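Sharing a structure here in structure tokens format.
Labels run A, B, C and D following the written order; every chain starts at residue 1.
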């Protein structure tokens, strides 16, 4: 477990290597957090829920950090407003690196002792929490670099590949079982395995591509009110949206920022950075629809997944018999179960082994800074 | 059909009798429409989708009205921005009454002729549409009068009664069928009858009361972050919410505006004007939960319903195989199927016979000007 | 005095004759008040500062009105938020007419008795206050009707005439005297007569015309950043301003709403509904400038004035030795002496005899719903 | 001139020495610029208006910088939106230091040659421009550090002293002369020397102190509507203002952030970080008033000034005969002459020799992040 812990912690720092110090502190909008904040908050999580909880003689690295790097755990105390994370130039990134090292040492010490099962579960949760922030780091770094006038290069770290299999998988009408029931780590929102009734459907084996999307744009998809949800149409009109996030029309050609720089859109790759409204409009245009969570999970073993999180048309809601964990960690999932949509799969920014077919990711319908795409059902 | 048509039309006008001319034109916020607008828009609906569609020699009452009183049917042309409806002092209410009379006469003439089945369906839809606006009229009149410093009296028209039966109905796990499959009028969003899998549950026969709600307030329900969705908590804190809409603490006593004036809260009546966040927080406090749509529909025949629309925890989403109607009327329901919650039942403001157990009403989670309440499941 | 009082009161009601009941209650933006509110507030002023102050046995028409129709006199008690004036459909216009009649009778009774000089001064102030609201009524009626899709006609009441004299008046450098020093009614902000030092200047005898303005538009005045204040340029760009308020380009021709309907812009009339930013930009374009207050007052007897309030480039600031009146009426002028510009003259909506050459009107630089124009200095 | 140039440039860098790299890039609100931006923009000014203008073979350091570091000179081309300056983590501070060194070398080369008088004037303007940004740097550094939860220490660089002389200076009524007329560097807004007529007045020799301000707070100054401008009162109420910026009530004692840390308010020092509304309210409370610009300038030689910029009650307006410089530099002052107030004097953050008694500084009435205080007149 020590090794696993340290490996994950190093991976977080590895992701940040291409950054300049200036990149660590900035918060271009309130949905994006400064990389420095992710580095500190994931550390705070271990300090708060493991070291302070289980190590009686533990001495905090800095008592202010408990306030500075709490995200939203109201039961743990006050926290800096989300939108103000970018104002904190202090502590510096050097301070935060020291904080990480200190907590890593203390955690290693703790893990080398006699650790109870319930304690290990918290460490495991912390690891999964850090993996989630690794993914958010990728989104936020792309946003920070991709919204600057000069489009600075991050590097080759997060590149999509062409999908390999095409066609549709067919599923018969009937009762199926979804949700997690096994012994391994999973989130409370995946529990429990339960029965659902599905009508027959066919699901595409591959994601929609940039080439498909260029055709949608060319066909006037962003101008046809009949393809859009009412709120989607307000979004398109209000912000004058013409294409996915990071796409710009440059002298007649569509280009995008893809973390290696500002490049021509590659038609063969899956389209990414579209929100639910766009995904729905595209599906309408094709005369198809988005899958539900259950439909996705039932065929997960027969399709390629893992390059991009896939919008479903399911709302993020509790499964039958859902119970939040007790205490502060009960705030992890349950309190977000309103006004969001579920996404399934995983992405090129997801830590290996982090996701699984029962995993439920969630975002608001208008969000598109995450690494997401879409798959169609008919 | 002529008689049915005219009866409904007269009922709309009857609802407005207690209003002063000044009350007809005002729009206190963008979610409320002026009563005059409802009177004109429901008329426009018949003119647009029946008279102009099926009566070749039909002459419009006023060509500007097609623009002025369209709500959101983008396929029919431009429309006045929703938030600007209250700026239109002209046409006057007298003009709008003339408009109603003119269209009523033309409709009566049309209905007295040889009317095709498809045409009758549009009239039926128009009637149901007008019934929906009758209900919105009640909400909006209450809002207009109930947000004035002097709390003017509307009258006794919309008063709740005490619930009569208590206890819970039990349902076994299994496959059930929900949705509409019959020959009578219904909306596209209720189609079709389809199977769902339900786990066992028990549902209360009665609605939560004002007395229950006073206990929730007294217990600090509005101050306990752990009861609330994250977005619900932001709403409570941001707007400093302490009680349902229309409730005011007056020298230590809770009073509300109930359309007869400003009165003491009646503990025996069902609580109304709470939004989904509040309903959820209350259920959490009781250790229970809100029903899903399917759970509600399956027991509908065994519970009292019809005083207040009841929040479910289901998102408003398409049923399997959902198809919008073709043409402008396809905008009626489908385009709202995102970011809203379903409510079931009916209310004291619902036209008799308008609702049924498969009926799907929908609002955003933060809405509470509608006549809504809650029922618990365990 | 009774006669003068009643004449002014009747004039207010006369201005409203062309309105429909619906027009009286609406507030299209927070800078515009419903006509009903003006009718009631001017009445409240006499009730508050004369009848309640000087008539011991006076019985209020309605105790709520003291709260409902206070504008901003904090010393008199709470008041309805300015932006909420349009929500009050009650009291109705009929109630307000009764209120006016009641107060008029009580005032006539009071004035027929033995009235002290200090009391008469308050009546005189009330009359001037009502005359100011008569002018605001004109602005607000124009705004209410002129911002509707159908441009309803008010009537011929407020029409400009062509200016008759042209050329410039020359003034020598030296010490001049401005401000009010006489025995007649005037506002505290005009006191006292005091010396100012002026450099030589020449002032136009006539106002800038619509024809001049069309030339400014045609020359790209609204697109040339160098003509504008920095904040003016933000205003032009942010709101995409291309012309004065009420002007619309209709198939290549500039038209405007002028209270008789929607008509071709008349090149011979003075331009109106331009704000200070526009006035300044125009002056820059002509290589001239706006006058200061003192420059205007010194030549007032040698120029035509009275059709439109004229922007000066002076800030609205206290004269040397300025003292507010004691008590609530001290709130009349002094507390607005920041962030506003002074306008001089009078307009077609100003009551006869209300203005004079020392009169100081004031508005924010971005305001243009008032009846204002500009005159140049070189 | 080379030496003067390089001295000023080094002073700018010296001011930044206590900063961490993270501090250089952040923009906590749109009125504050990142220190990095100041360092680059002042350099851009020399590159743009001297090197590119006068050195034919000059090669730009980076062609993008012309866009990235323009502030608002519309005639020079597009610029990054003011509010987006904090998003640019690239170029890094290291890049900007290289940019400064490159331009310094090129400037030194240029200045060592044969430089025409008109060219030297531009260099002199650039130096004064950089001195102004040095002062803004102090404001912005204080804001950046003083709005963080941990109040990081900047150092002892900008500390006030106690005032030494008290009492009032008397001035007789008469014609006086103000404005700049000499041969040395000055801004266009100070020209020309011109006559003004003043009434008799007495002006305090010293600034209002923190001790005075504590008395104002204790007397309920922030709660008494009668002391405030109407817009000032809205500001106080809307933002719940209780004290100057950077003041916090800490267990019954007023403390402030003064760049050395979080300390008890020192009663003997001049009060700073109050806006015009507060200054006016204080003067009203004392039964005195703020000076006008002319009143201040006439007695400048008889009072202590230079610790804090002093609010006057004059609006920032053109002097008689004001002419902007031609070309892009004409945007320097004239376009801001609306909606702002003039401040006179200088502050502990003003470069030595930068200010003079004719100098006209200006801010909006609600601004208080600048180093400003107040002096009274009776």
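As a working rule, a contact is a pair of C-beta atoms (placed from the backbone, for glycine too) under 8 Å apart; a residue touches a chain by one contact, two chains touch by 3 or more.
Because the structure is predicted, anything quoted here is derived from the model rather than measured.
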How many links in the shortest chain of touching chains run from chain B to chain D? 2
Chain located farthest away, centre of chain A as origin (C-alpha): C
Over half of the interface residue numbers used by both chain B and chain C, so same, or under half, so different? same
Just give me the whole-number Å value for how far the CA centre of chain B lies from that of chain C. 45
Roughly how far is chain A from chain B, centre to centre by C-alpha average, rounded to an integer in Å? 36
Computed distance of Cα centres, chain C from chain A, in Å: 57
Multi-partner residues in chain B (2 or more other chains touched) are none
Can you work out from the touch definition every pair of chains that touches here? A-B, A-D, B-C, C-D
Chain C - residues contacting chain D, complex: 72, 74-75, 175, 194-197, 199, 225-226, 228-233, 276-277, 280, 289, 313-315, 317-318, 320-321, 330-331, 335-339, 365
Contact set on chain A toward chain D in their complex: 20-26, 28, 36, 64, 67-68, 80, 86-93, 144-145, 147-150, 152
